[in-house]
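In the two complexes that follow, chain A is the common piece, with chain B as its partner first and chain C second.
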Partner chain A sequence: MTRHVTIEPVAEQACDSEPARGMDVQRVLVLATCALALLLLPFISSEYVLTLAVEVMIAGVFASGLNVLIGYTGLASAGHAMFFGLGGYGIGIGTAIYGWPLWASVPVTLVCVAAISAVVGAICTRTRGVEFLLITLAFCQMFYGAAVKLRLTNGTDGMAGIPRPDLSWLGLSADGSIVFYGYVALVAVAALLLVARIVHSPFGSVLIAIRENERRAMAMGYAVGAYKIGAFTLSGVVCALAGILQAQYTYFINPDSMSWQSSGEGILMVIIGGADAVMGPFIGAAVFVLVKQGLSLITGEYNLFFGIFFMLVVAFFRGGVVGAFRTLIGKWR
Partner chain B sequence: MTKAAIRVVLIACISAAALAPVRAQDVTPLKIGLILPYKGVWAAPVENIDRGFRVALAEFGNKTAGRPVEVVRADDELTPNVAVQKFNKLVQFDKVDVIGGGVSSNVAIALSELADRAKKPVVMTNAHADEITGKLCSPYVARTSFSANAFQYGAGKYWAQKGVKKVVTMTADYSAGHSFMDAFKRGFEDGGGQVVQQIWTPFQKTRDWSAALGQAGASGAEFIYAFYSGSEAVQVVKQHADFGMREKVPLIGDQWLFDEVGWPALGDLVIGGKFVASYLPGAQNEANRKFVAAYRQMFNEDPDVNAALGYDNGKTIMLTLEKLGGKMPDDTAGFMTALRTVNFDAPRGKIRFNAQNSAQLEKEYLVEIVKGADGKPDRRQLDEFSGAEDLPGCTKSF
Partner chain C sequence: MSALEVRNLRKAFGGLEVIANLNLSVPAGQRRAVIGPNGAGKTTLFNLITGWQPPTSGEILLHGVPLRSGRPDLVTRGGLSRSFQKNMLLDSVTVLENLRVACQAADRSRHSFLRSPASFPDVRRKARRAAEKMHLDNCLDRTVNELSYGQKRQLEVAVALCAEPKILLMDEPAAGTSPAERTNLIRLINELPADLTIVLVEHDMDVVFAICDVVTVLSYGKVLATGSKDEIQGNPEVIEAYLGKQHA
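Here is the complex of A and B:
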């Protein structure tokens, strides 16, 4: 255990250049504001805003999962949509084909995805850089192809009728926007806290050490390979969680959710938000969903303008939106 | 300002506020959401669907029971997840009363589930998958086109009854391909024929049909019955001709294989092509003559099958709204109850709905492409026959 502790201050420094105490106050303020906003939203907004918020939170969980790998471990995966899709397919198969209740299907799905992502991760993390990008993409396409072919899950048509949680014992129906919003918010906050807890743990410090200098981490005696597989698995499971929420939100799952475009959107969100902050992917997801939505209200060719917007973010916002915000605060001080 | 003046202003404001909703009630337009894949591979046919829809609304003066009708369009990008976002936007942001559109079956399956949960009537334009009004049926979902079984079972039976004994089917290996060709096979074999082989080619992954066409040529079939759409259709027709199979094993398809959109790319190769269609602009009936005239007047060209599908969709929605006096009932299932009683002469033939809100296909047409007077390809109707019933499978009672 002692050797984990030694690396912690180094990692903190690599992560945040601000003094620790100022950061804490700031972090608490940001978190409190977010929590308040989450709680108040249903009372002050329309049904449609809640729906958008649900989309933001689901995308945020997906991007957070991906960020464990991209931001903290320094491994850019172009195939994490496979876990997103597997999450949705998992509960689809569990509930519709095996007839299991949702409370059983969800944990079984997460365990299965953990096992699959550990195996896939064990193979993929043997490579790095462009090769890692390509091999994750290849795995993603493989699962996509399987989903298209599989008659059990209706091939390209996909499966409809994915259930939302049954809350009738509380006298609530998850079909309603407010209730579903609450459910997604709870899961998203839990997922975010889990990710935050892990990346700020000794385990997370080792991941950052791997990102900063893998050889040095190895020289310090860490089993770098095992840590990378661990990070891959964790990120796979969080992405699967997002996939489960997405399938419940749309009542539907089909192979499109495993497409490379969907993986790419995850990477975009991470980059827009800023890869070296826990909240980064969430903010990236919010910007991604809202800017796209705003642009699509103005023009049908919104993808063109979204591309331009993305280029501007990359060109002018170092460290994404969160990075730019931090720089701004730094200057203002 | 004196107190009295303030009071007068206040009273004026309050009464204006109180009156506003009443006045607004009279002129608030009834909103129809229209979800179609406007861009991407199906852009051309979808443009015609939209045009047909506009012709139908124009026929009613864009009004129902004196209330203006407004159409809010949304692009589903052929992706179910995007379709879900657009559905939520239409329902929650634009507050549409009813939704039309819905072309590809995966989008339609996602939409029908949402419609069922949100209790929002959705009237599909194409969405031929049998499940839409079968296994996945919902009291909030209708379809104005026809089911895969209605079209292809009817076509299969027709050819068998014409004395054709052996046929090979060929299509892309995906859901729509399977439901279409399986329906054709059932119809053909129930009529006494034999499908000697069913060939499945990779969906949107190949441009080389030589292996498939070779197998089809060697199968001993009298002709190939194929379903392809878009650029795949053009390539299949071209390569089939390149292999010199036109005389030996002709290629016969449905209206998508010989879609008019592909005619310019095929040139003279289309001449002599035979296909089964649910509509042709030359169909001899009063409703069609009126539709073709209106369409020509608005767009200066003849409508194709997609335009007719869009028209049927728009007209069904408008006729239902008229029955309801231009108001959406509080129980939105009432919209579908009214829709089931809609019965009209459409350009393609009579349209009526079965108990699962699925439009029935009264007629199918066998069409040959011939050289018209102006040297351009034109359609000639060879025969007409009736479409089949839908597959059973709906478990919900409406």
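Here is the complex of A and C:
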């Protein structure tokens, strides 16, 4: 026993700390740069840029929620816009129909979405591969159909007047673009940190094991089904959070938020960013939003050019933008 | 009481009866080999014992407790672990992480989702010990993709050992390895604690006799014979089963 104690610290250093420390310095640098950029942006940029930044962050939260499932658990969902939409509708219904304050509507919405995504997840995760893709898509279409048909959600017209947070107690108004930017940045960073914490936990390591070899994970003694439902639920709640921000950003929610196109855009962002990394989805979201903006300024056919761009990324950047960047750094060293 | 008891076990895939009224009893601490020609039903037997597949009929008792099929994870947590004939590893993950996740399954930390795996050093220590046992401590930071085939087979067994089983099933651990790797593997397996019950499926008779004292011969899902090396080698039915396979 004592022999172990004396040997192990040495072994630990020899094996782990070299690459780990390199990664840590890199990570701290990247995070510090991001934090600085986030802080400085409102002071150096135009309102238009701030608006874009808000869109990037909201899309980033959505993509990182989806990434818990696609990147970490290896389950490609084509229906996660349903949770994005449920988030927006949740606070819309809470505030407008029931007359609850926003601070009550948000947690109630998130709890309801957690319950719904646990149930949907319990059903969907019994399948895998293409079947999983299709059944999640089917659920999404079901919610989309409900949003179109129901009186509660005001059909295709959608719900207007979704409130932003009341910050008058701070002497601020969230209607201002800088204040709203700050609010979204805070929520997005908190969501990203939470997701990062969870995927780098023992729970997260089981998700990776499931992605790598589900049968082995089971043979190791994990109740794989429960872990998959857990991942699905977490992913649903994070996507709902993004949906809440989006509804507040536009003061509006309609069934389009739950369309299969929104689900597909989420998948694109995850793939562009590189499915594996925590920052990946945010970078994917940034690339997605900016390239789409840029292209739409140049041409009306931006969807076509975006398709070409996407194919180039998939063909030449294995592991997405983050993967390509890592490879580049690896070569350069 | 036997560590593993199989009674009147049957398994049919459609019309094909792969396990036909099989009885088997392995006392605790025994090193038992199960041999038989290709397609005899050895892997299927393991799949039934570990709950991967439901038997068509019959009973399986682990330390006297009837097995509940359909939940391989519970079988593992109940003290029976297996290695697979075809490697089933977490391919793009490091050797250490493969073992750490395997050890974590038996630890309370498996439910934790807000702390880092680093805050559970016990699990990591166990993983390292498992690596040492299978002589993998020199490649802990390599991903499985970067290992030699022999090392992968060693890792396959090491991962199974992480569950700290009382019964260990190994499905052809030496298949496809070099003679040197094979000798190494035999030594490593023989160094395992004496109270561990082992059931070994293996085609290589040198490996079988280097590890096991009792051999069960399977043919078409039935037990042909059970006995020591000499009893088996002198058994005419066994000779015929193997010759029959060669002629086929």
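In this text, the second predicted complex is superposed on the first by the 315 of 333 C-alpha atoms of A that agree within 3 Å, B and C clash if a C-alpha of one lies under 4 Å from a C-alpha of the other, contacts with A are read in each partner's own complex, and residues count from 1 in each chain.
Following the convention adopted for this analysis, a residue touches a chain if its C-beta (ideal position, glycine included) is under 8 Å from a C-beta of that chain, and two chains touch if they have at least 3 such contacts.
Quick caveat: nothing in here was measured; it's all calculated off a predicted structure.
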Original post:
Does chain B (first) or chain C (second) touch A:127, or do both, or does neither?
Top reply: neither
**OP:** Scan A:251 for contacts with chain B and chain C and give back first, second, both or neither.
**Re:** first
**OP:** Return first, second, both or neither, reflecting whether A:155 touches chain B, chain C, both chains, or no partner chain.
**Re:** first
**OP:** State whether A:209 touches chain B only (first), chain C only (second), both chains, or neither.
**Re:** second
Original post:
Which partner does A:222 contact after superposing on A: first (chain B), second (chain C), both, neither?
Top reply: second
**OP:** Have a look at where A:198 lands relative to chain B and chain C in the superposition and call it first, second, both or neither.
**Re:** second
**OP:** Would you check which partner chain A:47 touches, where first means chain B only, second means chain C only, and both and neither mean what they say?
**Re:** first
Original post:
Which parts of chain A are in contact with chain B and also with chain C?
Top reply: none
Original post:
Taking the complex as given, what residues does chain B use to touch chain A?
Top reply: 38-39, 75, 79-81, 84-85, 88-89, 92-93, 105-106, 109-110, 112-114, 117, 129, 131, 136, 174-175, 178, 203
Subject >> chain A partner contacts - residues on chain C that touch it in the complex >> reply: 50, 72-74, 76-77, 81-82, 84, 88-93, 96-97, 100-102, 104-106, 109-117, 120, 123, 125, 128-129, 137, 140-141, 159-160, 162-163
Original post:
Touching chain C in the complex: which residues of chain A?
Top reply: 4, 8, 11, 15-16, 19, 197-198, 200-206, 208-209, 212-213, 215-224, 230
Original post:
In the complex of these two chains, what residues of chain A are touching chain B?
Top reply: 46-48, 51, 55, 148, 154-158, 160-161, 175, 177, 246, 249-252, 254, 256-257, 293, 300
